[in-house]
Structure formats: structure tokens, C-alpha cells
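Please find the structures below.
Paired with chain B in one complex and with chain C in the other, chain A is shared by the two complexes that follow.
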Partner chain A sequence: MTWLTEWAGYLPQMMAGLGVSLLIAGISIFFGYPLGLVLSLMVTAKNLAVRTLGLAVVEIGRGAPALVILYLFYYGLPKFGIAFESITAACLALTWNSAAYSSEIMRAGLQSVARGQLEASNALGLSQRDTFFRVVMPQGMRSAIPGLMGVAIQMFQGTSLAYGIAVPELMKTAYNIGSQDFNYLQIFTLAGLCYAVISMPATWITVFFEKRMARHT
Partner chain B sequence: MDALSAVLQGLPMTIMLTLSAFAIGIVGAVPLAVGLSSSNLLARLVSRLFVDLVRGVPIIVWLFLLKFGIQIGTFKFNPVGAAIVGLGVVSIAYLAEIYRGGLQSVPRGQGEAAHALGLTRGTTFYGVMVPQAFRIISPSIATYLTGLLKDSSIASTIIVTEMVFQSQAFARQHPTVEGILPYIIVGVLYIVLSLPIAYLSRRLDSRMRKAIYA
Partner chain C sequence: MNTHRLKGAGILTASAIALSLALTACGGSSDASTASCTPKHPGIQTVAPGKLTVGVIDIPPFSSYNSGKPNGIDIAIVSNIAKDECLEPAYQQATYADAVQSISGGNIDLAVGTIDATEKRLKAVDFSASTYLDGMGIVSKSGATTVSDLEKMNKVGTIDGYLWVEDLKKILGDRLVTYPSSVELKADFDAGRLDADVDAYGVQVLQFKGAAGVKVSLANEKPDARVGAIAHAPEAAFPMTKGNKSLQEALDAGITAQRADGTITKLLTGAGLSEGLGKVAEKQYVVPAS
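Right after this comes the complex of A and B.
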């Protein structure tokens, strides 16, 4: 019981931290998905320069740890006179991350659209533009949905790394509370529960969507 | 090149962390995968809850919980111990899910055929299901290993002196423009380190394909 009463005392501060986490996750997803679509088109473009640029952005965003990209934006870029607030740096780094991961999922989704669909729209005399926006994209994006939901969950959990650049998100809030009275066990358990309460149901919904999609194909 | 040698000082620790956690995961995921695909509802629910809970909490929280939260008598985790145990447990959960997916994708007929041939349950599982499942999941395991390699960077937040920690330290000592170098170097190093894993995985995969179809 003592744990519960202590948790109740921490909860208002923790909720403020969670709000910051959700804000960062929301922004990185909101900008990451459209950028991911652009990147997925760049990676499959005919023009070599465009393709190389797209590949570089995707491979760095996926290949380098999120923490490193975070540090690069927050500690690195100010040395060139480009300084961000910590929360802006976190949003930029995670947006890069989510764009890179979602681009791979969207590319796979777009490529999974049956070739016959392209041939059919070609035979119907649809323009390339219409073929892409009205035939390929709706079908491709639909099959990318579970993967994109997975990226969203990953981004939410990734916001915890913003602790490393002192963003007042959930993890940093927990650490600050813990370092006041040293009951780290309680506070980090509570932090873990806050993350789990959101991530776990989100994962279950994603699995549900995956199963439904699998049934339709 | 100072920055490069500074970052490289952390390389052995990064590799040690990654491989230790991976070893824990590869072995520890076996019983959990059996639980996840058990016909006993209680066993299935308990292992499912464990997997989802471990995966639902960010790694940094597990590391802080182990490093700062755990004290049994006079025992406390040192940073490296906390990192290995934390990353190891997370690996167990992720790999168990990969194992389960692999076992599930082996066609049901294989199990039924083995049963019809009078093979014991143990032989059916280890001699028929597991080898086929392994072929299916070996690329996913390789992908997970590269993910784990990157996740080991999170250990820097509990003062484990791996590559990212070293790059941070160098950047602090060189607050000029040069301070950005270690971050670029460490980012490139992670990408370079992932390449041999992808290469070996592809070779393993193509060799196994030959073994089946030859």
C-alpha cells in the first residue's frame, strides 16, 4: 500500500513528463511518415543522385543508434552555429529515425502491390500520376499499416532516450524524482508501468490489424 | 584521428555487451518460446505477459531499474552487469517472439507426418520443427542482432564505457568544431559493424537454401 500512496504522490509530475513524451512521439510520427513516403520514392527513383541521397538518409537513420543522432543534433550542430532547444533536437532526431524506418515499410508495401494492378491501370489509360495516387498508393499504404503502427510504438519508447539530452520527458522526470529521495525502485517501476500501459495495448491492436490483414490477402 | 582512436577505445566494450546479451537471449528465449506456443493456456498467458511487458518498457528504464533500483542485501549491480542483464532479458523477450513466429510458420503437416511416422514428441520438435523454423527465422535473428548492437549504445547512459560514452567524453574535451567528429565516427562505426552481420546472415541463408534444394 505504501507504494501505491507514494505513486499517487508522484503521478502529477509523471503525467507532465508523459505528456512531453507523447508530444515528441506525436511530432516525430506526424512529420516522419510523410518524409518516409518521400524517402521511399527517392530510394526507388530512376535518377542515381536522388536514389543515392535517399539511401544515405535512410541508412543513416536506421543504421546509427537513435542516441547518437540525438547527441549529434543537440551537442554536435551548435558547433556550426546551429543550436536547438533540447526538445527540438529530440523531435528532429526521432523524426529522422521514424522517416527512415517508415520509408522501408512503405517501400515494401508499395512493392507488394500486384503488377497486374499496374498493367490494368495502364490498359485503362490512367496517367502515371493517377496510377500511383489512386491505384498503387491506397493498396500499398493499406498493407503498410501494421508496420507503421509498430514504428509509432517504437518512437514512443524512443522518446525515453531524450533523457540523454535533458528533455523533461517521462524518463528524465522519473530520474529527477528518484534523485531527490533515492527511492529509485519505486519511481522507475512506475515509469516502466507508464510506458507499458501505452505500449502494450498499442502492440495488441497492431497484432490484431496484422492478423486481419493476413486474412484478407 | 584522435577522435577515431577515442571512439575505438569503446569498441571492445560495445562488442562484449552485444555478444553477452545476445548469448543470454539466444539460450533464454528457448523455454519462453516453448511457453508461448504451449497448448496450456496458463503457460501461454504467463509467457505472453512477460514478453509483452519486457518489450513494452524502453531499454533505458530497465537499465536504470537494475542499476539504481535493485539492492539485495549489500549486492548492487555495477554498470556493466546491469547493462548485460538488462539487454539480455530484453533479448530473451524479442528472440522468443521470433522463435515462436518461426515455429508457427512450419506447416502443420510436418508435425502430423512426423507423428504418423511414429516419431516421439521430442524428436518431432527438435528433429523436424526446429531445423525448419531456424531456416525461416535466421534472417530475423540477424536483424535483431544488428538492432541489439545499436541498443547497446543505451548502456552509455548508466556510465558503461562503450563507444557512445567514449565519443561523448571526447566531445566534451574538445568543445570546438572537432567535437562533432566523434558523433559522426561512432554513427558510421555502427553502420560498418552491421555490415558483416548482414553478410554472414546472407551467406548462412543461401547455404541453408542449397542444403534444402540440392
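Right after this comes the complex of A and C.
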């Protein structure tokens, strides 16, 4: 009961932090997915230079921990005269991360479109552009949706790393409150609940979509 | 053949058990408190008998885990006490976030790392006698020495958990940015995003030693009534298991003795800090809740 009373007092601050977390996650998904699509096309391109560049961006984005990328953007770039605000740096780093992960999901989705569909488009005389936008993309993206939703949840949870670069998001708010009386357990539990309130329904929606997709395959 | 193997395995297992039992027995009998060493305070209760388990938070020059070879002012104080009480110090790495949980969970006896005694924190842990004053330092290129100087700046950085954070927030508002640790704070100051770096004075003296073009000043020398932590400097102490009177008595006696014989002053000046930091109040100052 004491915890509940104290939580009620902390909630306004926590909600402000949650708002920042959702903003960063939203931006990184909004810009990350289109960039992911471009990267997925680069990775499958015939041109070696384009393919290599795409692979490098994807592999670094997936291979390096998100926190390292965050630190590089925030603390590393000023060495080269580029200094972003902390929220901007967090958005850029997580956009790269979401683009790298989503590109692989999109590539797998696009490549899952049956070869017969391409042959049929060819037989109908559709241009390459029309084949991609009207045949391959709608089907490929449809099968990529559950995976992309998973990445979105991962991005939202990943916003907690932005604490390391002083972004006033949910985790930082929790840490700030906890540091006053060292009762971190209580405040981190509340932070965990805040993350769960968003992540769990999102996971259920993803599972629902996965089941619907499975029904139509 | 199989029977022989089984027999061999059985003998090996029995030997291993016998050997480990013997070693355990040896550990117990070689306990310094029962052999050549006489503790100043017999019967101290600790989480591991014969050992003083200490959580070490990285905040040089006060304490540093240093890859399993801890050093710093707090470490020196604790090891002197452990020696007097015939306890073997056992150090493990800790952070501000987990130290108190580890104390209340019975994993460590105490934590070191310039932790100030406050009324709020006393709900979760007990505190030993104070070791030294925890001064607020200001680092800037403009030579700022007071809170009024900070008010003229665009962006000031400090660290979550320090007792001046709430007061400075009221004065500076959004111009105050807080960081998880001194490392991130200094990195942002070096990157030029901050006009001033507000941290524990002792930490700054070490961090900015020899740095050209920056000034390190102790804000407590020019107190500002709006910031409680400057008007009345908080006192660092060791948070420890709540209700463990035997350990608290030993820690209090050890710290008081080291304050009286000048050990703590020597440790402070040896780290390049002002000996004034060693002048704690006769009665421990506990920072009030609000």
C-alpha cells in the first residue's frame, strides 16, 4: 500500500519520461523503416559498391550494441566538430539501429515472394518498377509486418539506453527519483511496469498478426 | 573395466569431498579473530564470518574497484578498520543503484564511495560515523565559483543523486542537465556542450588535474543559502546493514580514531584535496528530507 501511494506521487514525473521515450521510439521507427527498406534493396543490389555499402551500414547497425552507437553519436562526433543535442543523438543512433534490423526483416520478406509471381508479372509485361511496387512489395511487406512490430517494441525498450547520454526519458526519470533515497527497487519496478504497459499489448498485437499471417500462407 | 572406472570415480569423488572438508576446516581454524589477532570489538556480525564484505563504487580518488585491487581514501579507511577488527576485507564492485539493495539483501556489509548521510537514506540503511565533508565543486572555463555565476550560464551539468541537484534544478530549471556518472559529465564538458561541470569537489580535483584553461573551485567556500548542500556541506559515511549495532560500533570507533590521529586528513591531502574536508561536525550532520 505504501508503494502504491508513493508510486502515485512519482507517476507525473514518470509520465513525462515515458513521453520522451515514446517520442524517441516513434522517430526512430518513422525514419528507420523507410531507411531499412532502402538498405534492404542496397543489400540485394547487383552493383558491388552499392551492395557493400548497404552491407556495411546494416552489419555495423546490427553488430554494434545500441549503447555504443549512442555514445559514438553523442560523445564521439564532437571530436570531429559535430555536436548534436542528446535527444537528436539518441534519435539518430536508434534510427540507424532500427533501420539495420528492419532491413534484414524486409529483405527476408521481399525474398519470400514466390518466383512464380515475378514470372507472371514478366509475362504480363509489367515494368520492373511496377513489378516491385505492385507485386513484390505488397506481398513481401505483409509477411514482414510481425517482425517489424517486434523491432518497434525492441526500439521502445532500447530508448532506456538514452539515459547514458542524459536524455530525460523514462529510465533516467526513474534513476533520478531512486537516487534520492536509494530505494531503486521500488522505482525501477514502477519503470518496468510503465515499459510493460506499452510493450505487452504491443506483443499481443504482434502475436495476433503472426497468427493472421499464418492463416493466409 | 567399467567397475574399475566406477571405483576410481568413487575414490576421486570421496577424496575431493574429504579435501574440500579439510580445506573448509582449515579456513575456519585460520580465522585471524580466533588465532593471533585480537579484535578491538569482539563478536562483530558480518555477512560472511571473519570477513568484511565491502561494495566498492567507482568514484576516484575516494574509492575505485581497480580490477579487483581496490584503492582510494575510503578503501584505506575500511582496510584499517578491518585490520583492527581482525576481519579480512572482501571487496566487490558496486554501483549507487545496487549498493543499498545489496546491503539490505545481506550480500555486503557496507558500501564505500562518498555516500552522504541523509534522512531519506536512513530509512533503508544505517550510516557509520562521518568520514569527511562532501564538497560541491564547480569546474568552468570562465572561472565560476558561485551559484550566481552558474545562473549566468546556458547549460550546467551535474550527476543524479547529489544532494544539490534538486536545489540547482529550482534555480537553473532546464539549463541543468544531469548525467549517470562523472564519466559522462566530464565527456560532455570536454565536448563543449556544458558551460560548467558541478560534481564532488574531490573527484574534480583529480579529473581536471593539469587541465589547461579550466578552474576548479569549491562552492562551499562561498555558500549560497538557496542550495542546502553548500550552506551545510553533507558528510560522507559508509551505509551499512540496518540494525547491525556490533558492526556500526566498530566502524564508528575506527573512523573516529582515524579522524583523531590525522589518518583521514593525511589521506585527503595525499589525494590533493583540502584538509578542510576532514573537519566534520562533532555530531553527524544528517541531511534533512526536504
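Quick notes on this one:
Following the convention adopted for this analysis, the second predicted complex is superposed on the first by the 217 of 217 C-alpha atoms of A that agree within 3 Å, B and C clash if a C-alpha of one lies under 4 Å from a C-alpha of the other, contacts with A are read in each partner's own complex, and residues count from 1 in each chain.
We adopt the following convention: contacts are C-beta pairs under 8 Å (C-beta built on N, C-alpha and C of every residue); 3 or more make two chains touch, one makes a residue touch a chain.
Bear in mind the structure is a predicted one, so any value in this text is a computation, not a measurement.
Three-chain overlay on chain A, with chain B and chain C in a clash. When the two complexes are overlaid on their common chain A, residue A:Q117 makes contact with neither chain B nor chain C.
By the touch criterion defined above, A:L161 reaches chain B but does not reach chain C. By the touch criterion defined above, A:P65 lies against chain B but remains apart from chain C after alignment on the C-alpha atoms of chain A. Of the two partner chains, chain B is the only one that A:A191 touches; chain C does not reach it. Once the two complexes are laid over each other on the shared chain, residue contacts for A:S199 go to chain B alone; chain C is not touched.
By the touch criterion defined above, A:A83 lies against chain C but remains apart from chain B after alignment on the C-alpha atoms of chain A.
Once chain A of one complex is fitted onto chain A of the other, the partner contacts of A:T44 are absent, as it touches neither chain B nor chain C. A simple residue count on chain A separates chain B from chain C, and the partner touching more is B. When the two complexes are overlaid on their common chain A, residue A:N176 makes contact with chain C while staying clear of chain B. Judged by the touch definition given at the top, the superposed model places A:Q13 against neither chain B nor chain C. Clashing C-alpha atoms with chain B appear in just one stretch of chain C from the list 98-106, 134-142, 224-232 or 278-286: 98-106. Judged by the document's definition of touching, chain A residues 75, 79, 163-164, 175, 178, 184-185, 188 lie at the interface with chain B and also at the interface with chain C. On the side of chain C, the complex with chain A involves touching residues 96-101, 118, 120-121, 123-125, 157, 160-161, 165-166, 177-180, 184, 187-188, 191-193, 239. The touching residues of chain A, when paired with chain C in their complex, are 75, 78-79, 83, 86, 163-166, 172, 175-176, 178-185, 188.
By the touch rule above, chain A contacts chain B in their complex via residues 59-60, 63-69, 71-72, 75-77, 79-80, 157-158, 160-161, 163-164, 171, 174-175, 178, 184-185, 188-189, 191-192, 195-196, 199-200, 203-204. Interface residues of chain B facing chain A in the complex, by the touch rule stated above, are 52-53, 55-58, 60-62, 64-65, 68-71, 150-151, 153-154, 156-157, 164, 167-168, 171, 175-177, 179-180, 183-184, 186-188, 190-191, 194.
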